[in-house]
Amino acid sequence: MSEAAALDGGRPDEKAGLTTRLVCWWTIFRIALEERLAYRGDFALGTLMRFLPIITQIFLWWAIFESIDGDLVGYSFPDMVAYYLLSMLGRAFSSMPGLASTIAKQIRDGELKKFLVQPIDLIGFFLLGRVAHKLAYYTISTLPFALVFYLCRDYFTDGWPSAYVMTMFCFSLILAFLLGFFMDLCIGLIGFWFLEVSSLLFIYMLFNFFLSGHMFPLDLLPSGIQAAVSCLPFKYLAYLPAAIFLGKIDSELLWIEMTTEVLWLVILICVARLLYGRGLRRYSGYGG
Amino acid sequence: MPIIEINNLSKSYRVYQKREGLLASIRGLFHREYRDVHAVRDVSLSVDKGEFVAFLGPNGAGKTTTLKLLSGVIYPTGGSASVMGYTPWVRENAYRRKFALVMGQKNQLWWDLPAQESFRLHQQIYRIDQRDFQSTLDELTELLDVSELLSRPVRELSLGERMKMELIAALLHSPEVLFLDEPTIGLDVVAQHNIQQFLRYYQEQRGITILLTSHYMKDIAALCKRVVVITDGTIKFDGSLAGVIDSFSGTKLVRLQLADRQSADGLEQFAEVESVELPKVTLRCEKSAVTKTLATVLQKYEVEDVSVEDPPLEEVIADLYATGAATEQATQEVSR
Amino acid sequence: MPIPPEPQHPSYAKVFLTFARNSLVRDMMFRANFLIEAVSSLSWAVMNVGFYWIIFEHANSIGAQTGWEKYEFFVFMGTTWIINSIVQAFFMPNSEEFSELIRTGGLDFAMLKPIDTQFLISLRKVAWSSLANLVLGIVIVAISLAQLASRAEDPWQFQPAMLVLYPLYIACGVAILYSLMICLAATSVWLGRNQTLYDFWFYITNFSRYPMEIYARGWGLPLLVVFTFVIPVLVVVNVPARLLAEPLSPRASWEWPLAGFTLLATLGCLCFSRWVFRTALLSYRSASS
């Protein structure tokens, strides 16, 4: 059986058996992983550099806390550092460098046509590629991450959270990955309608950076704005995992937050499916 | 006094050897295997002013590398070269003002701008006097018939038109030596023909020296009196196009026009039968055996007409490439 | 009259003007894109202002007794934008393209031209839209200075020397950042694909975005030394911002030597980047077609 024929993803009612499909998905996954590992220099540099902004943040907040007395909206200086470290971890799961731009580029260059011809599901294909990408990233970056967290262990003044909170934390990281993926995917798929999405992408990244809590804990925002920002899905990408770990969210609210996050995920999956379906139809309509 | 003089020029470089498979990729993160590729080895060549020389050879044989060495874009690992008295890789401004390189697969014009704007930039970079610039540009655009396209963004031009613009960009500063790397690649027959004609005319008019690599035999047959065959980084042949056939083909084709009703049966005893389309039959035999075979055949068969020809150039070159590729595989040295 | 000798060098100013002009022609072809780019880089700047605005809601200075209160700090930030936007307008697109040229072999053409290759590579394109931030930076500096000049105690005073020193040190800052950037881009000759170039650049220059005093504590001291004397990104914004935001005298004893050092560092960086660039060209392999 040829590989192309085996590449059947999205439709469970097709004839291809489960094993064949798994083999096919494994192949895609492996190729993506190999591709990522081929660029060693890039990888090593990238991982190392990722921690530099944390250092400047630590010193900035160190200086700021020096000029005020006590806490800042419930964060002490160690809390603040711990927050940044944890939000980095959140970003490591939720950021999708190059995903939206790759999709938009493939749409523009007509490369995406292969998904019309081959029986591959685009969304599944990209999701697997991303999982591979992330796994490759984690294999390289676990060590530096562990090292940095170990060096900064004193900033975590409350020690490890309870097993329950830990579970929720891990769960929120996985959700952050999925949410981040589908948000980026949707932006990329807008490329079906607007050929040039790079600017849109930049603005999206800006909002993402600012409103996800990567730049500062969202608690710092004036209360009116904070309420508005809380209604957006961005906060799940960095702020929420960190806030959960630091015990900033009590257990009742935690459930509500997690449920809302899952809802957001479902909505985004539907939107992505819709965009993909409509876009593809529009795409093939060109005929060119 | 030759205008281009190359002595024992060599270029080798290391490439990372990527292995198949996931485990190998992971291993590749920590330990890499390299392989030395000898792109050019001990090439010596001399070209006189006004010559139009073709480099022939399979992909990866070292033709382009040689042109790049002569352009000063890369540094050799050994040997020397001199073009118009300059050592190319010193990259003196004086040298760079006197030659040009055109690559069929890369473009140097600004993609989104009309070619005219790129030409202006060239004028500034090469400091071409406004009057000279205008007259050269007029002449070139007229010869290549692209005057109307000057103000159109390059991205909207066809491949052939773009190549013409690339040629103009390269010739604006009236180079004395021109290196052409597959200038007609991917072009249709008409565009190829146009560019050939232009090159021949321009070279005859200006008497400039041109080195050309191409895969199209038509280019070479139309333009070059001298052919240099490179395979596996070394020069295998240097001489006329006819000489290529002489020295690389050991066989000749004997074409027979048999008389009516004469059957072709039994001819295979005397020589290899290439084709039978009665009454025409084509035989292939060793050069040395041509006379003997022909005598025997004429004796035993009724033949109305006979001719002896060289095999077609394409075929000879294809054979040459095939043997070149085979030896290339064998000579790449694997090292750590 | 003797015939003038054939010019050996192109007129660099004219070539640069042609580059700038061509870039503008190109930008104007994609006008919508140009506008969006300008707007998006502006909104990034505004978000940063917002961030610090929030911080100054909670604290009144960055560090105790450093003198970086709200408007002094906004002068600092404005200076950051001015320097960064100049770098982004003139050098960033070219450095990014430099890596791409190395990867695709397009560098060949640049090397053939009878003009300094580093000049050609560094200034080929101008991203006019990035200059929006230059305007914003100047506006922020102007507003902040006005605020400082009108405050009740110890108002800011204009001094003529600032007119010379501020632009001079802005230029030094730009030169240092440019050197760093071209060195980073040149590494793609050895590292192959260098996607992280932009990240690396961002992370390194990140250190320059804050007053250097914040590092003057605990384990920040080694960083202070490294990023002042080894990779001098800390002097890039600090020196000009300090000159402008605080009175010329009295000065802390280390400030004038630091200003002197900045000049030396600029020279050193430029020379070093030239050396790296040349070495990179020697290793350039020219990707085949």
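Observations, loosely collected:
Note that the chains are named A, B and C in the order they appear, and that numbering of residues resets to 1 at the start of each chain.
Here is the rule we use: a contact is a pair of C-beta atoms (placed from the backbone, for glycine too) under 8 Å apart; a residue touches a chain by one contact, two chains touch by 3 or more.
Please read these numbers as outputs of a predicted model, since none were measured by experiment.
Centrality by Cα centroid goes to chain C. Among the other chains, the CA centroid farthest from that of subunit A is the one of B. Measuring from the averaged C-alpha position of subunit A to that of subunit C gives a distance of 31 Å.
Centroids built from CA atoms put subunit C at 46 Å from subunit B. For this pair, subunit A with subunit B, the centres built from the Cα atoms lie 51 Å apart.
Contact with two or more other chains is made by no residue of subunit A. Per the touch definition, subunit C reaches subunit B in the complex via residues 7-11, 14-15, 18-19, 22, 25-26, 29-30, 104-109, 111-115, 117, 120, 282, 284-286, 288-289. Subunit C contributes residues 33, 36-37, 40, 43-44, 47, 50-51, 54-55, 57-64, 66, 190-196, 199-200, 203-204, 206-207, 209-211, 213-215, 217, 220, 223 to its touches with subunit A in the complex.
Across the complex, subunit A meets subunit C through its residues 39, 41-42, 45-46, 49-50, 52-53, 55-56, 59-60, 62-68, 72-73, 98, 196, 199-200, 202-203, 206, 209-210, 215-216, 220-222. Every residue of subunit B that touches subunit C in the complex is listed here, in rising order: 13, 60, 64-65, 68, 71-75, 91, 93-97, 99-101, 103-106, 108, 110, 112-113, 117-118, 120-121, 124-127, 153, 181-182.
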